[in-house]
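First the structure, which I've put down as structure tokens, then a few questions once you've had a look.
Should a chain be cited, it is by its letter among A, B and C, assigned in written order, with residues numbered from 1 in that chain.
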Amino acid sequence: MEIEQLIINFFSGVFLAVFAIGISTNFRIVKFLNLAYGSFFTLGAYIAYHFFVKLGFFSLAILLLASVFSGILLYVLIRLIGKGILEATIISLGFGILIEEILRLFHTTGYFLILDIPIKIYYIFSAKITSWELTQLGILIIVLLAFTLIFKSKYGIKIKFIEEDIELASMYGVNSNFYEALCICKTSVLAAILGFLSSPHQALFPSMGWSVLVAGIIVFAITSQLKLVGFRHYLMLVIVSIAYAEIIGWF
Amino acid sequence: MLIVKEVSKTYNSHVVLKEINLTLKKGVLGVVGPNGSGKSTLLKMIAGLEKPTCGRILFRDKDITKLSANKRVELGIVYTFQIPKPFYRLTVLENVAVGCMVRDKKNAKKRALRICKMMGIEHLADREAKVLSQGELKLLELAKVISTEPEIILLDEPFAALDKENAIIVKEKLMEFKRVGYKMMVTAHRFKILKDVADKFIEVREGRIRSDLDVKS
Amino acid sequence: MVKVKEKIELQIPILAILLILPLFTNFYYFWLFTLASIFASYTLSWYLMEKFCGRTSLGHTLPFGLTAYLSAIAYFFNYPLQLLPLVALIVALLSTFIFYITSMLDRVKFVFATFLYSVLLWEIAPFIVLKKDILYGGEEGFSIALIPPNIIYILSSTLLIAVFVFTILLHKSSLGLKMMAVRDDEEAALAIGIDVKRIKLLNSFISSLFTSFAGLIYILHFSHIDPDVFSVENAIFPFIASVFAGNFVTPVLGSYLLIFASKALNTISPQFHLVLYALLLIISPKLRRISNAHS
């Protein structure tokens, strides 16, 4: 029984880790706390609800389009209107609420939606693990590998430079706008994919992203206290996420 | 009388100041030294804005090492910042009035206006501090300090980032303070800057007081 | 100083009109004006923290909603209504402590932390379930005795006048000046002799106290409370209502406008007003800069 619980909590931690990586990347590179992140997650879930049954995995194309568009729109709004970390965060909060309300307006007939599709279940030490949980473990491994490669490449030093001091990086010729836009798009796609994958496993409602967002922010806040740089920060984020999920799951 | 006894300061195993001993009985003490020697840290520790790693600070035979900065202001020790830190959204008059409230809340604004006149900034009284020039901000900083009716004024590089004209104005004000009888500790990079103001000098180098010089020698 | 006095003399008639107007309206608008005055008190209490200590809180649902919730729970356990102000006071003290501890963080982290409090309360509230003959609470929330609307109107108007007058007096006082000094630069304030910790504690208490009483009158107005009192909507309300802040009556006016606009927009579709809130949030930095430049 205990090993089962450990494994289930582990996979919750993996989910949280992928989520928190997105929050962290936004904060360290684009310099704001993306409070629309939970709404990107919700957007992904609703896209799955509407398109997965009809289009199967081709619905991922719609997901990509919608999330990239939302990410770029958010970036443009932040650049046009916001100055500084606080204003950008407030704008993202407004943007997140806007996404949530648009979804609510389009679904006035029902608050909770259920995507009823068959779910594959696997057993690891008699713990029930769904296919989507294994997929997100795969996503986490890919993300960490990607970070390893990026930080070892010539782009890694540029990213570290931006993380340290974005103004100075710009003065030294780093195209910080490009990295910022890319980061927001990448993280919005990541959040949307997580929402897409988790949609068959929970009731969908417009404000479903807030609790995940809060957990992600808490994990990120804890990891930030360790003041690690580069890949080590993201690795520690994964460890803290899993530890957090284990502790919360235990209670 | 201010006594600093065996005061040291360490940041993350980097020793900034080591076993500093000094006494200020009267007049103006000039503290000179290169960048990073610990001059500002020394003043901030006396002001209570930084805590010494070890050692004691005594004022009027009372140990004030653990006393907070605002309590030290009430006792009569006040600090001015190298880069002026006004209350940007308050007017010049309000900036000075805040300091006056340490001694007398009721007549704070009247006293503040008198101090502004004394410092030659009464024409700026109704302006918000954020629109002031560097020279005006320095004068405001000095006005704020006087408003607390201090005994000891700790001036951290009062001439930093000032042009010649404004530096002369600030120097004249410091000479006035000296005439009135305020005790002061003033930091600068070189002797030359403080030679007309200070009575006595110490040099801080590599975290220690290297010498104790009489300006006339 | 003369300019400030003139501005205050203009603000008082505006407040008076807002408070007297409901007496000449029908029942629905009387109810709506009362609700608007409750939210105006809430916003002005929040504004006390923002204007005087420079701390933008997205977590004022803590004193507001928690007072309402605990009052309902106290009533559930047969506490008399007359003791509910004590609940408001206790919640105010608790909020003071939480806001004070949080104010040790820098201003940006303060916003994030207070936002987290709001969302956490919103998540936890549905789990508050009590059992008598049947289960009470959860998503449905709790009910309280029905109070005549006239009494609610008197209570809410009194609170709004009290907060407004207090804010003006604070602005003119030495305490207010010290708070604004702390707002502008904490280190400089400490260096000039201000007890920064005491000032922050006082500010947290004053803001929390008025907000708690606004929360108490809120539940008396609705006779019911549910977890949505902690929603993001209520957390951001004072921020949006103050977006054009320049003097003390603009947050009040902003609250009234938002409440009336919300009711009007909800006739298009339920919760449609949140689209307005979202759009205002997005453009709020620009609006604040314009309003600061003008003032």
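Just so we're on the same page, a contact is a pair of C-beta atoms (placed from the backbone, for glycine too) under 8 Å apart; a residue touches a chain by one contact, two chains touch by 3 or more.
Quantities reported herein were computed from a predicted structural model and do not represent experimental measurements.
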Chain-level touch network, classified as line, ring, star, complete or other: line
Chain occupying the most central position, where position means C-alpha average: C
Per Cα centroids, the chain farthest from subunit C: B
Subunit A-subunit B separation of Cα centroids, rounded to whole Å: 50
Chain centre separation in whole Å, for subunit C relative to subunit A (CA means): 32
Chain centre separation (subunit B, subunit C; CA means) in Å: 42
Set of subunit C residues in contact with two or more other chains: none
Touch list for subunit C against partner subunit B, complex: 174, 177-178, 180-181, 183-185, 187-196
Subunit C-facing residues of subunit B, complex: 47, 49, 68-70, 73-74, 78-81, 85-90, 94-95, 97-99, 101-102, 105, 108, 144, 147-148
Complex contacts: residues of subunit C adjacent to subunit A: 56, 58, 107-108, 111-112, 115-116, 119-120, 122-123, 232, 236, 239, 269-272, 274-275, 277-286
Subunit A residues touching subunit C - in the complex, by the definition given at the top: 33, 35, 77, 81-83, 85-87, 89-91, 93-95, 97-98, 100-102, 104-105, 108, 207, 210-211, 213-214, 217-218, 221
